[in-house]
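Each of the next two complexes has chain A plus one other chain: chain B in the first, chain C in the second.
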Partner chain A sequence: MFRSLFIYEFEKFWFKKINIVCLIAILIVNLLSLKFALQSNKTADMTDIVFNSSLNFHITSLQEMLLTAFNAIVITFCILSFHEEYRKGYLRMTFMRGISIRKLYIAKSLVMSLNILLTIIIHLIISLLIALIVLPKTSTSPLYFKEGLYGISDVVFFSIKYYFLAYFSLLTFGSIIEFLSIKSRSIAGVLGLSLGFVFLNFIYISYVSFLFKNYPVSDPLVLKYNSLSFVFVQAKGVAYFASGITDVFLYSLIFMYLIFKSLSYLAFTNKNYLE
Partner chain B sequence: MKSMIEVQNVSKTLNKRKVIQNMTFNVMKGDICGFIGPNGAGKTTLMKMATGLIKPSEGEILINGINIQRDREKALFEVGAIIEVPVFFEYITGRKNLRNLARLNIGMDRKEQFKKVEEVLELVGLKDRGNDLVKNYSLGMKQRLGIAQSLLNNPSIVILDEPSNGLDPIGMKELRELILNLAKEFDITFFISSHLLDELQKICNKYIFIKEGCIKWIGDADSLLKDKEKEKDLEDVFLDFMG
Partner chain C sequence: MLRIILSEFGRIFSKKSTKIIFLITALFPVLIFYFFQQRWGTDYYIVNGVKYSLNNLNYPVTQMLEYNFLVLFIILPLFFSESLSSEIDSGGYKMILLRPFKKWKLLVGKWIVLVLTYMSMLLCVFLINFLIGNLFLPHVEFTSYYNINEKLNLFDSMIYNLKFYLIILMVHVAVLPIISILSIAFKKTILSFFGSIALMIGGMYISLPLQNILFNTPDVAYSIIGGTYELINMLIFILVTLLIFGVSLWMWNKRIGSIV
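After this line comes the complex of A and B, so read on.
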């Protein structure tokens, strides 16, 4: 039964043309990144972190687009899969069938996670291809928050950790938007609350930097406080984690993910659908 | 005769207002039961409770003898329904909409699901238009597609909330014939709410009149005529009850 539910949800997800547009948009996102990369390469030295090469473009492009384009894609996915279906009544047809709502939620969540993974993988493939074709080929590359130049094996290890946490940060952001999508009465409400959440994160980061203005930016205490800001995690925390400086960003994401996923689950499986 | 829908002392409070008050009735196997009441009487709320979308504040609802609150999945296994308006993905075909929903037909392999889709498309007269995008369907066609959705899981009970809303006279006639045919051929029990009393009079063998969340009258069509001998049609009876 669960398999049928999963396929049912997966099929529904790709029925929505906007989701397909989101996937196509990744190519455009990569081309935009390439434009920035070529511009910064004009002034940067090969040892600079901002220098883009065949070895590091997949990391720098994700770094640039994680907080903007990828979050926008996640918001779109969540609005269509949760808000639209839950609030506009598409799910009524499913809820009236003799199936488990709990399993339906799990299937929906798995489909969402899988499709976010798909966008990340597509991004990785496109960025690697673009870098190989257009950008200078190098055998070593600088990495975020690490001194010196690194060879391919170090870059691969860094990339795996970077992509893993970037993906998990999108899942966590998705769990927050999912909850807002179920609870909000309108798309404008979901968008407003989502942007409000991001804005609050920026205020929090400013407050933390003001509070710890005498501390170095990479002080463990400062990083610990900043790890509670989802925006900071995406902007810098992912790179801190990949460079091996701290795991606090992973723990904070797990914490946020569990809280919002539980809230979404309770809202979704509420026994009074759209009362 | 077997009771298909048993509503036992059901009440529902929404926003501190009791919209359903201690309602008790049965719909028996083979009935085409009309659920009649003015706007805001609580028809949709009761139907939502009978399809597991919301839970009663008090009382119990048994579908085919199974308590919907205690065993929702089992109780709804043989229920098909349209509550408020049927909902589809407008930019895919009617057939694809049904094929997607048919995935929830537990125990059927994909081949059987496809067969079932064709069967219900045929039943509702949409076989030739199955490959059209739903956005190009007329209101009547959408209503028929909604009924097709509700028939996908071989239901023994079909609950329809205002199924003739927005239909033209031809659409209403087709819908009426479809319901009568399904009840006769497949022994499906229907529980239908509608404002169109003439339509209900032509198909129902039993009526439940409600007002402000309370039952005003229950009985079969014959006893309604006996009770209200002077009245000529359901509309007069309705006005009399609601008066």
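After this line comes the complex of A and C, so read on.
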């Protein structure tokens, strides 16, 4: 039963044209990143972190687009998968078949996680291909928050950690948007609340930087407070984690993910919906 | 036409989202003042590397960078797509189209109302900034602005401020035809919202003058009034905006009946 529910959700996801547009958008996002990369390469030295090569373009392009394009894609996925079906009453049709609402939520969450993973993987493949074709090929590359130049094995290890936390940050953001999608009555409401949440995160970061203005920016205490803002995690935390400076960003994401996923689960499985 | 406009006004102001957006735009200058002036003690602003002191006369034009970003990339796409796409998507616009008016007049009425509503939001922001400037900033009788040699008094300064806000308005209104086209093409609120943002950001990557106009709008406004801006860029921007207005009107007139 669960298997068929999962497949049904998966098919439904791919049936929606907007989701496919989002995946096509990744190619455009990569091309825009490439344009920016070529511009930066004109003035940057090969040892600079802003210098883009075949070894680091997949990291720099994700760093550039994680906070903007990828979050927008996650918002779109969540609105279509949760808000539209839940609020417009389409799910009532599904429940006429005696399907468990809990199992449906789990199936939806799994499909969402899988598709966000797919988005990240597509980005990785496209950026690697573009970098290999267009950007200069190098055997070493600088990495975020690390001194010196690193070989291919270090870059691979860094990339795995970087992509893992980037993916997890998108899942966490997705769980927040899921909750807002279920609770909000209109799409504009979800969009407004989601962007309001992002905006509040920026204010929080500004407040933390003001509060700890006498501390160095990479002080453990400052990073601990900043880790509560998912915007900071996406902007810098992912790189801090990948460079091995601290794991606090992973723990904070797990904490946020569990809270918002539980809230979404409780909101989604609320029996009042079926009445 | 007047009846269409009044009806649109009624519908726009009956929406909760319009009231919330109005509230956000009104509260934003207060928030900016709290953080920048009260918390961080910023008492100057910089235009193209030239530093100017803040005072009661120039304050309304100096706090627009963050506002510009928030409004251009979040508030306006949300406000316009909520008004244009959501009515088409929900099917509610069918009821409006049933009335014996020409389709293009309905869209023009909507545009007029949206622009007037946004204008009143911008005016509200100006008045709040003006009030903050007069209540909390150092009082001066004359002030200087970017690339303007003579010192301006209260009256001339007000004229400068209003010109500045008019340029901001012109740039911001450019979002409207983009949303109109996307609403007709895709119908879905989410697509017109993210589509307009993607188009603006994409345009910024492709064209440097467009990047300046959209991202550094206040600096562009200072340069235009100060006479140092290459006006051809702004003229092209306005012409393209008008062209998109025309195309969206044509598309709306042709397709609205079949898509609602």
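Definition applied: the second predicted complex is superposed on the first by the 273 of 275 C-alpha atoms of A that agree within 3 Å, B and C clash if a C-alpha of one lies under 4 Å from a C-alpha of the other, contacts with A are read in each partner's own complex, and residues count from 1 in each chain.
Heads up, the rule we're going with is that a contact is a pair of C-beta atoms (placed from the backbone, for glycine too) under 8 Å apart; a residue touches a chain by one contact, two chains touch by 3 or more.
Just so it is clear, the structure is predicted and the values come from calculations on it, not from any experiment.
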| item | value |
| --- | --- |
| Superposed partners chain B and chain C on chain A - clash or fit | fit |
| Chain B versus chain C as contact partner of A:L221, first or second or both or neither | neither |
| Partner chain in contact with A:R92 - chain B first, chain C second, else both or neither | first |
| First (chain B), second (chain C), both or neither touched by A:L80 | second |
| Touching partner for A:L38 - first (chain B), second (chain C), both, neither | neither |
| Touched partner set for A:F210, first chain B, second chain C, both or neither | second |
| Which superposed partner A:V156 touches (first chain B, second chain C, both, neither) | neither |
| First, second, both or neither for A:L200, with chain B first and chain C second | neither |
| CA minimum distance (chain B, chain C), superposed complexes, angstrom | 10 |
| Chain A residues contacted in one complex by chain B, in the other by chain C | none |
| Residues of chain B touching chain A in the complex | 14, 48, 51-55, 72-79, 81, 83-87, 89, 91-92, 96, 100-101, 103-104, 106, 149, 153 |
| Complex contacts: residues of chain C adjacent to chain A | 17, 20-21, 31, 35, 39-40, 70, 74, 78, 81-82, 86, 188-191, 193-194, 197-198, 201-202, 205-206 |
| Touch list for chain A against partner chain C, complex | 18, 21, 25, 28, 32, 35-36, 68-69, 72, 75-76, 79-80, 186-189, 191-192, 195, 199, 203, 206, 210 |
| List of chain A residues in touch with chain B within their complex | 1, 4-5, 7-8, 11-12, 15-17, 88-90, 92-101, 271-275 |
